[in-house]
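So the structure is just underneath, and the comments pick up after that.
Chains: A, B, C, D, E and F, in written order; residue numbering restarts at 1 for each.
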Amino acid sequence: MQLGFVTAILPDQSLEEVLRTAADIGYDCVEVMCWPPGKAERRYAGVTHIDISTLDEAGIERVKELQERYGVFISSLGYYPNVLGGDAGAAQVAIDHLYDLLEAAAALGINTVTTFVGRDKDRTIEAQWEDFLTIWKPLVERAGELGVRIGIENCPMRFTADEWPGGNNLAVSPDVWENMWRDIPAAHWGLNYDPSHLVLMQMDYTRPFRDYPERMIHVHAKDLRIDREKLDRHGIFSHPGLWHTPKLPGMGDVDWGKFFSHLTDAGYRGPVCVEVEDRAYEGDLELRKRSLRQSHDYLRQFIA
Amino acid sequence: MQLGFVTAILPDQSLEEVLRTAADIGYDCVEVMCWPPGKAERRYAGVTHIDISTLDEAGIERVKELQERYGVFISSLGYYPNVLGGDAGAAQVAIDHLYDLLEAAAALGINTVTTFVGRDKDRTIEAQWEDFLTIWKPLVERAGELGVRIGIENCPMRFTADEWPGGNNLAVSPDVWENMWRDIPAAHWGLNYDPSHLVLMQMDYTRPFRDYPERMIHVHAKDLRIDREKLDRHGIFSHPGLWHTPKLPGMGDVDWGKFFSHLTDAGYRGPVCVEVEDRAYEGDLELRKRSLRQSHDYLRQFIA
Amino acid sequence: MQLGFVTAILPDQSLEEVLRTAADIGYDCVEVMCWPPGKAERRYAGVTHIDISTLDEAGIERVKELQERYGVFISSLGYYPNVLGGDAGAAQVAIDHLYDLLEAAAALGINTVTTFVGRDKDRTIEAQWEDFLTIWKPLVERAGELGVRIGIENCPMRFTADEWPGGNNLAVSPDVWENMWRDIPAAHWGLNYDPSHLVLMQMDYTRPFRDYPERMIHVHAKDLRIDREKLDRHGIFSHPGLWHTPKLPGMGDVDWGKFFSHLTDAGYRGPVCVEVEDRAYEGDLELRKRSLRQSHDYLRQFIA
Amino acid sequence: MQLGFVTAILPDQSLEEVLRTAADIGYDCVEVMCWPPGKAERRYAGVTHIDISTLDEAGIERVKELQERYGVFISSLGYYPNVLGGDAGAAQVAIDHLYDLLEAAAALGINTVTTFVGRDKDRTIEAQWEDFLTIWKPLVERAGELGVRIGIENCPMRFTADEWPGGNNLAVSPDVWENMWRDIPAAHWGLNYDPSHLVLMQMDYTRPFRDYPERMIHVHAKDLRIDREKLDRHGIFSHPGLWHTPKLPGMGDVDWGKFFSHLTDAGYRGPVCVEVEDRAYEGDLELRKRSLRQSHDYLRQFIA
Amino acid sequence: MQLGFVTAILPDQSLEEVLRTAADIGYDCVEVMCWPPGKAERRYAGVTHIDISTLDEAGIERVKELQERYGVFISSLGYYPNVLGGDAGAAQVAIDHLYDLLEAAAALGINTVTTFVGRDKDRTIEAQWEDFLTIWKPLVERAGELGVRIGIENCPMRFTADEWPGGNNLAVSPDVWENMWRDIPAAHWGLNYDPSHLVLMQMDYTRPFRDYPERMIHVHAKDLRIDREKLDRHGIFSHPGLWHTPKLPGMGDVDWGKFFSHLTDAGYRGPVCVEVEDRAYEGDLELRKRSLRQSHDYLRQFIA
Amino acid sequence: MQLGFVTAILPDQSLEEVLRTAADIGYDCVEVMCWPPGKAERRYAGVTHIDISTLDEAGIERVKELQERYGVFISSLGYYPNVLGGDAGAAQVAIDHLYDLLEAAAALGINTVTTFVGRDKDRTIEAQWEDFLTIWKPLVERAGELGVRIGIENCPMRFTADEWPGGNNLAVSPDVWENMWRDIPAAHWGLNYDPSHLVLMQMDYTRPFRDYPERMIHVHAKDLRIDREKLDRHGIFSHPGLWHTPKLPGMGDVDWGKFFSHLTDAGYRGPVCVEVEDRAYEGDLELRKRSLRQSHDYLRQFIA
């Protein structure tokens, strides 16, 4: 396994600065954010460390050279839009960008793209299943042609009132995953697995390692804390933002020893990328770097 | 405290038969279902043990006489519609019936009505707050004039796909209750408190006894079991019907000793009515009577 | 479900006295011990409340008449030898007796026999699997012809030094049961299920209700307590008699509410028979009757 | 074992009324309060169901006759003063009364007295050990001569500000008990064992059954609940009255199944007397009788 | 946050040696012990790394220069006497020294003093509240004038027989703190917060971070282990030294991930100073340095 | 304490390479495997980093010189045969080798040998006790003469079918150890204590530190995970290999903070050697070195 981080936490740094930061701290890799240039509408979205839209041969060479120079490799190109919900035009732009991302991942020799499948938050999963297949069958097929693997993050994207009721990503549970893989059985797509979402949804976050070890394309290391007193006040059917707090690894409810115990037994040998969303460490760049250093040091006890 | 049951479990019995069944088993009281005559659309709904629409002086006397004859009193008139959601015409019928129920409760000297506040399941609670106030302010006012107390059951009514996303009752949590009482502060309305719903929503079901002892108008004794393996498969954002099972008291996750420990300390002296929704006991009348007998015997260890 | 007890605890009473005791206390049924007359070699073995060897038409009528007179039915004929281990001659006698028991169960209209499959304690289960099949295939076949169901108790019979290493019954775990049913797939044999043995073996005693509800032929209600301080001293590979204590239901580690919660959901409608092996209640007949009364009263909160 | 109650909860009833109440509910025995006539200074103290000071032959006969008439026996004469603390004159009066009580217990054929050893609350236990021995050596010796057993309740008597710092009874822990028995080794004195005090003091309430089964002279069944939120506010060094609530058996933190599991294994065959101090049941005589009925029914599941 | 240690563990080193040790290991800061020169009467007391009584301009410059030279700053001047109990003359000396310490903290630009409020151990807190106010109102006022913050450690100072019954510091619980701040509401005094004392007193050690984040002036990182077997023997009303063991962070009952999770959410940005009282590491200077190194490495996973 | 590892994980490296690896990572010491040259029959057995059979003065000097050169000392000579079971000739060879090992340990100035006592797996412990004494009395005596200490690892050696039923080492529990020390009371032999075996056997792994601190000759740091779902399938009487997984420290069920908390209080100042048997890290030499680095970094938080 290799230890990395998701670059969204360093929006103001260039790719080179990001890689230098990673190298300074001791990270092995990074998942690079590749949003289309423009303005983000939610926290951690809209970050562009590699601008795919302008990536030419020289750019490709430079990205490769930077990885070598800093001894830090890029584990995946990350982009987390909602291709099934919201404005139809925007969704099409996102789909097009995903196709471009697949090309770019192949061209850069990274061969992995991490993203969401999206969701129309106002409909049940069953009601939009055909739409899901219409969009994703060709995407997965194209990835196969290019030799690129796709890791779908298992995030519910359902934290606040504006994401109510269904959230912006339907790939949230074993039940849904198994349906996804039944209907699009290609082996080169699977999960960008983040245990914190299962903690939020009160699920066993080690079982998927036993049930689908081969579907672990990429792994996120985020943590969160369920705030019991707040949950007692609101209950699980309220907006989850009311009763949980995202935290750095080691300060939430994930038992990382148990997590890595099962992850190693699953035969996983890929990247594990820290995703920082802990507001206590968002103050300034120095604090955000600290959060990366602390997460690195904490997780190294399980990834030597 | 007095031990009773909700009569919805005996839809085919007459009021007299229900009271006799109660007396035979040893119950002190019953919460009598008073739906408008007609066809029910969901389980346990549509039961009519007292038909309010035809209740005259003679009927009133008979109800009083039956209570005396069997030594079993009626703790409340129960009716659980959705006055805030669904078809507007049907909602108005339900509102009218609620006003009639208040009159009937006063006329019968029972002085308690138990119900839901309802909810438009497709909108957030905030979005429909004004509608809630428009309907409930005059209802609560009328109850006050009649000397009738209203107990709102804290059920989310959000178990299956057809109740998704918001459920049919918004009175589900301390946060919502406190807003209700802030905006309609009358002392004669409060909760028909059922601990099982807080178990479902992962909340402390004893804290309300410490925080609002005076709001405990009526109490339901239902139990349920969270099925961990199923929850691991679906997560809490799926339909709760997928990962829990309603059970008789003593066979679910409610710790009844703890429950009564805090309920007695709250100074509660009113009825505690068993609500049977355990499918393992629904086969026939004999089995349903058995469920009442077993629940009675189980709960008597806490209500001598 | 019906509440009963295993008659081995009343070795000195006649069948009629046993049935009267059951009726006095309020039991619905009894599992009647039917050892061949003779001397028992272990506790609770060798009890004969119906002597099959001498059972004629008159005897059959009398057994039926006694059940009716006392309103207590016989849920099963019980006999727990080891047909796979020990002296070969004795094993053959036991096998012959089992065939007789199947005939008797049919003749008496009881149609259930409860027993062990046995084990050669000195060999692994794998090593004796063929022997197991040789003996049990025809036994199960004969039962089928007679319309009799066989419930195998899941007891390891491995408590003390003389039962070391393998115990006298190999039907101890889901893994073994599934192999049994794979190789002898008849639907009319299954388990005489006792949760206490799974507590001893550190297993989930509710999972079999979800996995094989149809294999629950008969149920035993025994309890036991793991003695942590003693286990700390000896460890699980020592004789289990060193670190556990059999107890009446409600005084051991079985959570009976949870047990019946899953048992009822399994659709089980058969007998649940108390098996008393609590040495604190063995002093004299009066004390043993007390143990039956207490177990009855305790379990009635779950079987009204 | 026999189920009884401590008569202090019925201060306004005569002995005969108390015995009739016990019989009506189904109790086997009672521990009878025998304070000297006069005014009590603390709750539950000062109750006199048998006035020892005026007990003559006729009185003795009457007490015996009443037990027979109602089929309820007297398990012990109870009196709980502080002979080591407070006003010296009052202490001497208490000591004299204890001697009288020993005589009375012998004369009545009850042969058991239950009490406290007392404590000077302002000194450490070590500092008053000699005083303790001076008073108790002759008391225990006299009891031996009379064939009377003494059961010391293990209550800290340290709940409120006026009992601070040391409480009014030093016999609170295994460490103290062992010193007591080392210095006054007579076999006829031991404990009037109440598990709730060990719950309060965060101790294992089953270990004494394994360590000193022979010292269990008499047993109290009281329960209590630790109130975590209050404890979080005050901590264990504050007055315990700030963070716990006495409750009826089954509504506190004692696990009664576990309690009786070890008590029966200790070979205990004596009385278990409910001690009601639950303020939720103190309102009037009817409520106090209810508390006795409920406690009786709850505990009968463990003492058939 | 910055990681430091309390210098009491290095009584034989000079301030410069202490700072060098801190720098060598990687600490950011130290809390410097400033007892008046003389002989200590209890463990860890009486250490003087800066002698306030002789501190002149040159001394001040030297202290500043040393901090810069070693890159280790002084987080607070620490002194932990009992100004409310014991000998009146000694108490007055301690009060005078506290005033001097406030001056010194200001002069040195450190601006924080950490201490106890003291307690007359033989009286209840209520009984000495006026004495507390008499001494502390002017002290807090003087600190305000000087721009110095005061952090009161929440230690009960009640471990052994000589501190019985009340201990030497009354600032032990939220209940007491709130009274302190109600009567002396200045914002510049609060807590030198040590979670281990709340573990000892069975309290939630994260709640104060949610309730009074602004009162966290300074933080101690000590750990301790409750020894269950010993507690079972003595109970919580005995001397706590009988049933707990102070340990280095990570080897006690504090969950440090949870601790820092809430501490970071409280917005705390100040020092966290290791306080070593683990007897297993007291053998010699080398061992004590090891304890500082180990504590540093352990806590760095939460303070990068 | 000193941190080391058991050299069996590096079978292909020479002693010098092993020491260099240890030094590179930061280990203080190693337990060196000293099997007789030849072919191993089980995993991790048969490794020979020092060939005792050919060790002459020059060899001794070289071993000493290598320790000095790399700053890594040898904590013990390790060899784990079964001298009580299996082929009698092989057992005698093993006994002879043990005597040689004692000589070598003395000659090398290492003075510690770590091993098993062995067991005839087909007999109970009681049945072979005399054989055990016959072999071990002279071995322990010889060790005493040489000034060498013997640490017996507490491993049951009972994981798979070929070790069934009794395993290959009888020194598995406090009960057995106490008998060993009663019959061979020499102070210079004790345990090579590994907590993971007590986890497997469901025992408290900290109690021996309180009960026999002086018997801790050497310590192993291995971890393992009980796999609940598998245990639910097989139960504890099946082969333990079916329901547990050996893991690196920090990824199993040992709570290392608790472990070192009690180990330090036991006054232990000796070596703690990592034993790697985690199959997820067995792929190649690089991976095995990684497992040593990770274990080192994890455990250093408790052994600075």
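Operating definition for what follows: a residue touches a chain if its C-beta (ideal position, glycine included) is under 8 Å from a C-beta of that chain, and two chains touch if they have at least 3 such contacts.
Chain-to-protein mapping (UniProt): A, B, C, D, E, F = Sugar phosphate isomerase/epimerase.
This is a predicted model, so every value here is computed, not measured.
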>> Measuring between Cα centroids, what's the chain most distant from chain A?
In response: D
> Which chain's C-alpha centroid is most distant from that of chain C?
Replying inline: E
>> For the two copies chain F and chain A, is the contact made of the same residues on each side, with over half of the numbers shared, or of different residues?
In response: different
> Tell me which of D-E, A-F or A-E has the interface of C-F again, with more than half the contact pairs shared?
Replying inline: D-E
> Between chain C and chain D, what is the separation of their C-alpha centroids in Å?
Replying inline: 43
> When the centre of a chain is set as the mean of its C-alpha atoms, what distance in Å lies between chain A and chain D?
Replying inline: 64
> What parts of chain E, by residue number, touch at least two of the other chains?
Replying inline: 301
> Who touches whom among the chains?
Replying inline: A-B, A-E, A-F, B-C, B-D, C-D, C-F, D-E, E-F
>> Which stretch or stretches of chain C touch chain D in the complex?
In response: 225, 245, 247, 250-252, 278, 280-281, 290-291, 293-298, 301
> Within the complex, which stretch of chain A touches chain B?
Replying inline: 124, 126, 156, 158, 161, 164-167, 172-175, 198, 201-204, 207, 228, 231-238
> In their complex, what parts of chain A are in touch with chain F?
Replying inline: 257-258, 260-261, 264-265, 267, 300-304
